[in-house]
Amino acid sequence: MADTETQREAVLAAIDAVAERLSAEKSYLTDLDSAIGDADHGANMSRGFGAVAEKTDELDGDIDDVVKTVGTTLISEVGGASGPLYGGSIMFASQELEGGITAETSVAFAEAYLDKVQDRGDAQIGSKTMVDALTPAVHTFKKSIEQDDLPPLTALAKAVDAAERGVNFTVPLKAKKGRASYLDWRSVGHQDPGATSTLFIMEELLDVASEHLEGETDVDATSPEAVEREAE
Amino acid sequence: MADTETQREAVLAAIDAVAERLSAEKSYLTDLDSAIGDADHGANMSRGFGAVAEKTDELDGDIDDVVKTVGTTLISEVGGASGPLYGGSIMFASQELEGGITAETSVAFAEAYLDKVQDRGDAQIGSKTMVDALTPAVHTFKKSIEQDDLPPLTALAKAVDAAERGVNFTVPLKAKKGRASYLDWRSVGHQDPGATSTLFIMEELLDVASEHLEGETDVDATSPEAVEREAE
Amino acid sequence: MVGLVVVSHSAKAAEGICDVAAEMGSAEAEIVAAGGDEDGSIGTSAPRIQDAIEQARDDDGVVVLVDLGSAVMNTELAIEMLEAEDDDVRIADAPILEGTLNAAVNAAGSKATLESVVEAAEDAREYRKLN
Amino acid sequence: MVGLVVVSHSAKAAEGICDVAAEMGSAEAEIVAAGGDEDGSIGTSAPRIQDAIEQARDDDGVVVLVDLGSAVMNTELAIEMLEAEDDDVRIADAPILEGTLNAAVNAAGSKATLESVVEAAEDAREYRKLN
C-alpha cells in the first residue's frame, strides 16, 4: 500500500485527469446522448467533474473523505440521471476506502459502487445503461485480484477492457431504463452515453494509477487484452 | 307570439337582469364554490354575463343570433367548467330560436340546452351539478306547455320552482362530476354552485318574461308552488 | 408530423410540460402549450385551445393532452368550433405530463400516425415510477 | 398536516402543478415545488428536493410526486441525505399532476394520514378523462 500522501496525490491527479478527459469528450458524449436522450450527458459530466477539479485545494482529510466530496459535488452539480448514479454511488462507496486504497479496498469500493448504481437505477445487465460497462468491469477486477492474484494495475487494465466490451455491447441493445427507454426500438443501434463515460473515467483511472503506483510495469503493453487489441 | 322588437327588448332586458343578479350573488356563489370547488364560480359567472351585458348595443340581428352571441361571449370570458357548459350549450341551443321565441321554440331551446349540458359534462341527475337543477326545470317546463297547455309564464314559474327543488336536492348528495367530485364524501352537505346559478338565471328570466310578455298575470302570486312556498 | 397540444389549467404547467417533452429527442415535433384561461390565470379557454390546435395542426393531425374535467370540456368545444373538418384532432385519455412525453417521442418517429401517437400517450397510464 | 413536494424536470411545470393543486380547496396544505436542476434548467437536483422536503415536512410527513426516472433517483437520494429519520417521507407511484391534485385534496381533509395521501395520489392512475 502506497503511503497516504502518495494516495492523495494519485486521487487528486485522477480527478484532474477525469475532468480533463470528460471536458475533451464533452461533445462526443453529447452526440451520443442526442441520439437516444436529451443531449446533455457531455455537459452534465464535464460540468460535474469540472466542479470537483476546481475544489482540489479544499480536498483535504482522509482519502475516503476526499472521495466522498467528489460524490457530493457531483450530486449538487449534475442535473441528470448521472448525478445520483455517479455522485450518489461514489458518495456511498467512499466509506469502503476508510483504510486507504489497497487492492482489497479497491475491490470493495468497486463492488459497493456497482451495487448502489444497480440499486438506485434498477437497471439489469442488458438494459443499455452504464451498468453494462460497469458490471463486467467490476466482476473482472474482483476476479483478477481475488482469484487470480494479479497485480492491481493488471487487474484494472483487464477491467478497462471489460468495460469497453460492455460499451460495445450496448450498441445493439434496446434500452430498458432511462430516457432512452422511451424510444423503444429506435434506441437499437446507438451506443449508451453513460456506459461510454464510465469507460472514459476508468481509462483515466488506469492511466493515473500506472503513473502513481510503484512496483508495477506499464500494463498497456503487457496485459493480455492490450496485446489482443493491438493485434486487431 | 310577441313581435320581434318586443322579443329583442325582452332578451336584452333578460341579459341585463341576469348580469345584475349574478353580480349581486357573486360572493354567495363564490362561497358555495369555495366549500366544494375552487372559489371562482361567482367571479366566473359575473364576469361572463358582465361581458355579455356590455355588448348589448352590438347585439343586433335575429333573436337566435343575439342568443348565440351570448353563448360565444360566455365561452370566451368564463374560464371554468361553466364556460363550456353555459356558453357552449347556449350557443348550441340558440339555433332552436331561429323562428323567434314562442312557447314551442322555448321548449325546444330548453331541451337542446339540457341535452348539450349533459352531453358535454356527462353528468347524470344526482351527480350534484347544474344538471340537478336543469333537468326537473326543463321537464316541468315541457310538460306544462305540451301536456297541460299552461300559459308560458305559468310553465316558466313551475320550472323555476322545479329548479329550486333541484338545488336543494344537491345539498345531501356526493358529487360525481366536476371539481367537487375530488372531495368524495366531503362534498356531502354542500349546495352545488352551478345548480344555484342556474336557478338564479331562471328566476331572472321569469321576472323579465313577466314584465315583457302580455296576456299573463303575475305568476309569483298565483302559481301553486309560489303559494306553497309562501305557506312554508 | 402529428402535432401536440397541452391543455392545463395552469399556463406555467402547460409550458413546462412542453419544455420537458421538447428535450425528449423530439425538438422537431410541434408541441403547443394552451394553459390557463383568457387572461392567463388558472382555468382553460376554448378559444386559446382552438388557436393552439390550429397552430399545431398540419397534414397528420393533432393530439391534445388535458388535465382536469373542464380542460376536456373546453377542448371538445374548441374542436367543435374549428373551421375545417375535425376528425384529425384527438383527445388522449392519458396523464398529462407522462402522456405528453410518450406522445412527443412517438410523434418524432418516422412511422408515427395519429393513432400511434394517441396510443403512445394512453400507454403512459401503465407507466410505473417505482420499482 | 401531510406536506407535498412536486419534483418535475421543469421548474415551471412543478410550480404550475402546485398552483392548480392549491386551488383544489387545499390552500392550507403545504405544497412545495422542486423543479429543474441547480441552475433552474431542465433536470432535477437532490439538494433542491431535500430542501423542499424539509420545508414541506411537519409532524405528519411528506409525500413526493415525481415525473421521470431521474426525478425518482434524485428524490431517493434526497431522502437518504435527510438529517432526521426518513420513514415519514414517501414517494407516490402516480402521474405527477393528477396525483398531486388528488393528494392535495386528500391532505386537506381532517382524516388525512401519510398512507391516505399516498393512496389518493396513486388512485390517480385509475383516473379517466374521457367518457
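In this document, chain identifiers A, B, C and D correspond to the written order of the chains, with residue numbering beginning at 1 in each.
Just so we're on the same page, a contact is a pair of C-beta atoms (placed from the backbone, for glycine too) under 8 Å apart; a residue touches a chain by one contact, two chains touch by 3 or more.
Here the structure is a predicted model, which is why all the values come from computation and not from measurement.
S.K.: For chain C, which other chain has the most distant CA centre?
M.R.: Ranked by distance of C-alpha centres from chain C, the top chain is A.
S.K.: For the chain pairs A-C and A-D, which is connected through the larger number of C-beta pairs in contact?
M.R.: Greater number of contacting C-beta pairs: A-D.
S.K.: How far is the middle of chain B from the middle of chain C, if each middle is the mean of its Cα atoms, in Å?
M.R.: Taking the average C-alpha coordinate of chain B and of chain C, the gap between them is 33 Å.
S.K.: Using CA atom averages as chain centres, what separation in Å is found between chain A and chain C?
M.R.: So the centre of chain A lies 40 Å away from the centre of chain C.
S.K.: Find the geometric centre of each of chain A and chain B from their Cα atoms only, then give the gap between the two centres in Å, rounded to an integer.
M.R.: 69
S.K.: By the touch rule stated above, which residues of chain B touch at least two different other chains?
M.R.: Within chain B, the residues that touch at least two other chains are 38, 40, 179.
S.K.: Mind pulling the chain D residues that touch 2 or more other chains?
M.R.: Where chain D meets two or more other chains at a single residue, that happens at 23, 42, 68-69, 101.
S.K.: In the complex of these two chains, what residues of chain A are touching chain C?
M.R.: 34-39, 122, 179, 182-183, 186
S.K.: Which residues of chain D touch chain B in the complex?
M.R.: 23-25, 101-102, 105, 109, 131
S.K.: Can you check the complex and tell me which residues of chain A touch chain D?
M.R.: Touch list, chain A to chain D: 38, 40, 75-77, 79-81, 83-85, 87-88, 120-121, 177-179.
S.K.: Of all residues in chain D, which touch chain C in the complex?
M.R.: Answer in residue numbers: 8-17, 19-20, 23, 35, 42, 66-69, 72, 91, 93-98, 101, 124-125, 127-130.
S.K.: Residues of chain D touching chain A in their complex?
M.R.: Touch list, chain D to chain A: 36-38, 41-47, 68-70, 73-74, 76-77, 80.
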